[in-house]
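Worksheet: the structure to be examined is printed underneath.
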Amino acid sequence: MLSAADNTLLVQTDPGTGMGDYFRRFWQPVALSAELPLADGAPLRVKLLGEELLAFRDTHGRVGLIEPKCAHRGADLFFGRNEDCGIRCIYHGWKYDITGKCVELPNVPEGSAYHNNIHIKAYPTREFGDVIWAYLGPPERQPAQLPQLEFGVVPPGHRFVTKRLQQCNWAQSMEGALDTAHFSFLHMPAPTLAKNDTMTAAADERRIGWLRNDPLPQFKIVAHDAGFVIGGSRHADAGQLYWRITQFMLPAHSITPSAMPGETYYGYTWVPVDDHSCWIYVYAWHPDRPLAEAERAQYARGGFGQFAELGPGYLPLRNRSNDYLIDRQAQKTLSFTGVRGIAEQDAMAQDSQGLVADRTREHLSPTDVGVVRFRRAMLDGVKDLRAGTEPAAAQRPDAYRVRAGGAIAAAQEPFEAVMQARFGSPTGIVAGAVSGVVSATATNPQHNADSGSLSEKAAP
Amino acid sequence: MLSAADNTLLVQTDPGTGMGDYFRRFWQPVALSAELPLADGAPLRVKLLGEELLAFRDTHGRVGLIEPKCAHRGADLFFGRNEDCGIRCIYHGWKYDITGKCVELPNVPEGSAYHNNIHIKAYPTREFGDVIWAYLGPPERQPAQLPQLEFGVVPPGHRFVTKRLQQCNWAQSMEGALDTAHFSFLHMPAPTLAKNDTMTAAADERRIGWLRNDPLPQFKIVAHDAGFVIGGSRHADAGQLYWRITQFMLPAHSITPSAMPGETYYGYTWVPVDDHSCWIYVYAWHPDRPLAEAERAQYARGGFGQFAELGPGYLPLRNRSNDYLIDRQAQKTLSFTGVRGIAEQDAMAQDSQGLVADRTREHLSPTDVGVVRFRRAMLDGVKDLRAGTEPAAAQRPDAYRVRAGGAIAAAQEPFEAVMQARFGSPTGIVAGAVSGVVSATATNPQHNADSGSLSEKAAP
Amino acid sequence: MLSAADNTLLVQTDPGTGMGDYFRRFWQPVALSAELPLADGAPLRVKLLGEELLAFRDTHGRVGLIEPKCAHRGADLFFGRNEDCGIRCIYHGWKYDITGKCVELPNVPEGSAYHNNIHIKAYPTREFGDVIWAYLGPPERQPAQLPQLEFGVVPPGHRFVTKRLQQCNWAQSMEGALDTAHFSFLHMPAPTLAKNDTMTAAADERRIGWLRNDPLPQFKIVAHDAGFVIGGSRHADAGQLYWRITQFMLPAHSITPSAMPGETYYGYTWVPVDDHSCWIYVYAWHPDRPLAEAERAQYARGGFGQFAELGPGYLPLRNRSNDYLIDRQAQKTLSFTGVRGIAEQDAMAQDSQGLVADRTREHLSPTDVGVVRFRRAMLDGVKDLRAGTEPAAAQRPDAYRVRAGGAIAAAQEPFEAVMQARFGSPTGIVAGAVSGVVSATATNPQHNADSGSLSEKAAP
């Protein structure tokens, strides 16, 4: 449970807000590279963090991200001609390069001071992992390198990337990713079935059984330089525990908990559009081999894992406007929800909390420990920034090269040992990462190995 | 004409408003029973008096009416599983019974105080007359019995019930029902025709002639324990009067004035959805015989009397968004309006006053006496309630068992005598009603037998 | 660049605003005559200057323009019966003539004072040039005559009139008409082509070349009694200048600069609907001959010059909601914009400045001199009116009989001489106009022959 003030602070990311300032310390995805496929191609409207911007790929393939209003009389550069290393306003031909400099002003006499002094707002961009990233913060704080999320580091053939629009505030959707307790309900097949039609490829029947039979997983959290890793353990067979391990990286990245050793990894990154919607960039990658054509086809088709079936504008076909095409008969007989698709089930649950979840009326449970930790991390980050402390994670790109997934271990095995055995490190950082220093998890017990104390709320 | 303050007081029914408090002293229709046909079936979104609620029929057939936000983290229980005497949140499986008690919390450890202390808001419901009713007021004021409207008291085969959405404030729509003077225009066939294509079954040609030829009916009003009855008399043939008699029962029920002795009765009940729309529950009943299949088919098809032709969501096919499909050629040649259907004509006239009628700019006429009386009754009721006087009608369920309709009488016959002859009582109460005490109409002349003095407004 | 206060003053025309008062001193188009084709036909909803009104043609063919709320209880007279010299409310039959007088009140007793004292708001109307005009200002200021725009003065066979909806504030759209510098870009064929598919009939290839090759025309402005005329000169062949001459008449009329001697003239008039949209009445006329059927067909089909291709409600098919069907491939190869139609290109540029252009962030150029002059004229007019000085132009109807178009002249020829040669007068007034006195252009150099000093903004 949060105060109304903290709830507001958590969710709002427009320019001038605390969380907006915090997000602007990090590189953000602004589009898929595939959305700007061609040099001098059609420009693309982009909105993030409450800012309406225009992206275009210039003659040399570089991506510009600019405020789309011509400095002359405010015509929309979206309609502009993208030609010869710049975008030209259709009204009177003023032309801007990717830095926002106005390089041609045909209706201004020679000799005018305008010729070297007109600029529009522009943000630096980079491409990484088939995604265009931008930095919207103060230039002097710009991180030198993008977060080295592993999906972007592997060869292009090893990954698949897309995105989808989520019709609610970013923070409650992010919380859904960090709350793996909901797997025991939201994504379950109907009680009469052993497996879920939408989960067959991602989880076997045994795992479904463990998830269904233990709705009260035990959680451990270990902090690291980019965020924290959450392990949720459920009773498995023969006295063992089934661990589902999730990564959170500041400000809004996550890796999902399903991948067993050797399986494909999945992750996602949230980008607020405005306070009532957000983009979720979704990626699959395999560190060791290219993805097969069948896998890519499955992801592109959607309705599999975090890959939703998409309609125009990357909006899932099953969405808020059509109640996710909930099928009440299927809810009786096939799945817990009657909604097809894990991504769509998540969207339904998260959207259903409202355009912005009201966190002042909650009754949190110990299984919400990841959610609580996330909120604390974000609110601490914002308050620290306001007090002058920059977010350290923004300057630690290699700390983002972490993995997450599932593991089966003996009941007495500590979480750190499970992590070491599964990933080769107690935090999930990839062994080969150039950097990857893990903060000492013992020195700050308040921020590490947190096992369920809910500082927000007295335990029930 | 009302002051702006009284207009606001009259129309607003959200929680915390004066009229909202007043309505909450009475049982309200919340859905047709047919909208929740099955035990453990799909739940139903319901909105009334500005509250967004969820109705569901549990395993035992009982109807729950709850606030649809899960107490855990606010997910929408509309998507929940309706199973085993409760509705279960799809996010983490919390389950609520029809009283709003959270009876299962799977992700909360045993022993937590949560297990017996989580409740969400729930309202008591009953079924009567194929309608689900709820009481949204303070529990200590809950009337023991539903209003014994005759359509609900007769055997099920004797009635037909449906509803329709009206796209304006409830009060101006209610006024339309109490203002029978408009029959001389709104529902007339074109001046060149003797009968209206939409009225043939409800009124014969003679009646059309009387309505058309006397646009200035004379009104009498008699109060009773549930509200009041209005008689409007027009000149008929041979010096007789044609009386059209309408019932109003607090806070928003009415019986229509068309039924001649032996004919089917019609009534309706208004329920505000919000300040800009309302439900109208519409019912036909015959005290003496089951309704014929042909009658039911006609009502179900719509376009007959108060039964509109309905599209999805019980919205009339001819509605505000399409100008009621007004046909200007038909307006020249077939009907006064060019709009098909009496219910649709009413909707057009009422909607056209605005989403909320501005009663500060009116010029009322003596034929508006029923409208004036209605406003006074409602405003007095609200003001009395604020001063601590509960509405007596809410505790007089039997006083609602009244009838209304048409009569032909000698010109010198007083209204009370016409009532006695037509209905067996001066107020229209059904002789067999258990209770039915009529307040002395002579003792309070200001509130009884009101024949047109407009306290709101100097007579023109 | 304007201050925020002046921007607001310029754009807002609702009742009670300064610019709204100013517009209300002039007759305004409210509908095409063709929208009310028949006596006693269907009435027409009209909105202008923020007022929602109802127009109807009565039995004698006269047009009424009234507030559409019945004085009785506010029902919408749009649904009324238009019959026998009045419009009759469908609710209780009150009937209004074109002056707004309530001439029948069937449900009001004889002898009531209502019978001679009920009026609703009504505005005087006239028809001229196949357009219905109305005067919405104070009666004592009503100009005796409509502005004698030449399209309305010529025989009906010599003109074609239509209108289109523009989805932005009126003032920026008006500015687009006065800013002929944009022809060098917005309406150009692609750089690789010699002619524009949308311009072939209006301009020959030589003119296209001159426009394309000189994006920095030189402007001269001459004031006259109805407004001012702007000449923009570009380098043509053999040391000559190509003049494009545009008329502006208060408060919002213009004549386009393309017509060469002997060609058809084009003009348009803006009428604000509200602050976010406006009507543009568009007309073609030939002073000397009837328009040919082929010309009429081309105008009616649209996609030619200022005649857009129209969909329902006179909304252009290519509009704000569909990004004007911009074709990025066509933008590479066929035209500067990839949008078909000059009117549509203008709409795109003007809409793209926002629902209301933000004039506080501009960087004006010397080619914006017409825009600057327009703003100054309007803001001066509003401020003068507030100070008690009525707009003189409203009382000079003959001063509106002016022409504009193109001319080719020797480089040393002064603008006034070019005008005299092309139109027979230095201001473009038609020689045969009854009146047509031209204000001495020499006595007030600040308001005349303005050649580019931008009092709003230091020259760049």
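Going in written order, the chains are labelled A, B and C, and every chain counts its residues from 1.
Quick note on the criterion: a residue touches a chain if its C-beta (ideal position, glycine included) is under 8 Å from a C-beta of that chain, and two chains touch if they have at least 3 such contacts.
From a predicted model like this one, the values you see are computed outputs, not experimental measurements.
A.B. asks: To lay chain A over its twin chain B by CA atoms, how big a turn is needed, in degrees to the nearest 5?
C.D. replies: C-alpha superposition angle, chain A on chain B: 120 degrees.
A.B. asks: For the two copies chain C and chain B, is the contact made of the same residues on each side, with over half of the numbers shared, or of different residues?
C.D. replies: Since fewer than half of the residue numbers are used by both chains, the interface counts as different.
A.B. asks: Hey, how far is the Cα centre of chain B from the one of chain C, in Å?
C.D. replies: About 51 Å separates the centre of chain B from that of chain C.
A.B. asks: Residues of chain A that touch two or more other chains: which are they?
C.D. replies: Where chain A is concerned, no single residue meets two or more other chains.
A.B. asks: Touching residues of chain C toward chain A in the complex: what are they?
C.D. replies: Spelled out, the residues of chain C in touch with chain A are 181-182, 184-186, 215-216, 323-324, 326, 328, 331, 336-337, 339, 345, 348-349, 352-354, 357-358, 361-368, 371, 459-460.
A.B. asks: Which residues of chain C touch chain B in their complex?
C.D. replies: Per the stated touch rule, the residues are 41-42, 69, 71-76, 78-79, 81, 89-93, 105-109, 112-114, 118.
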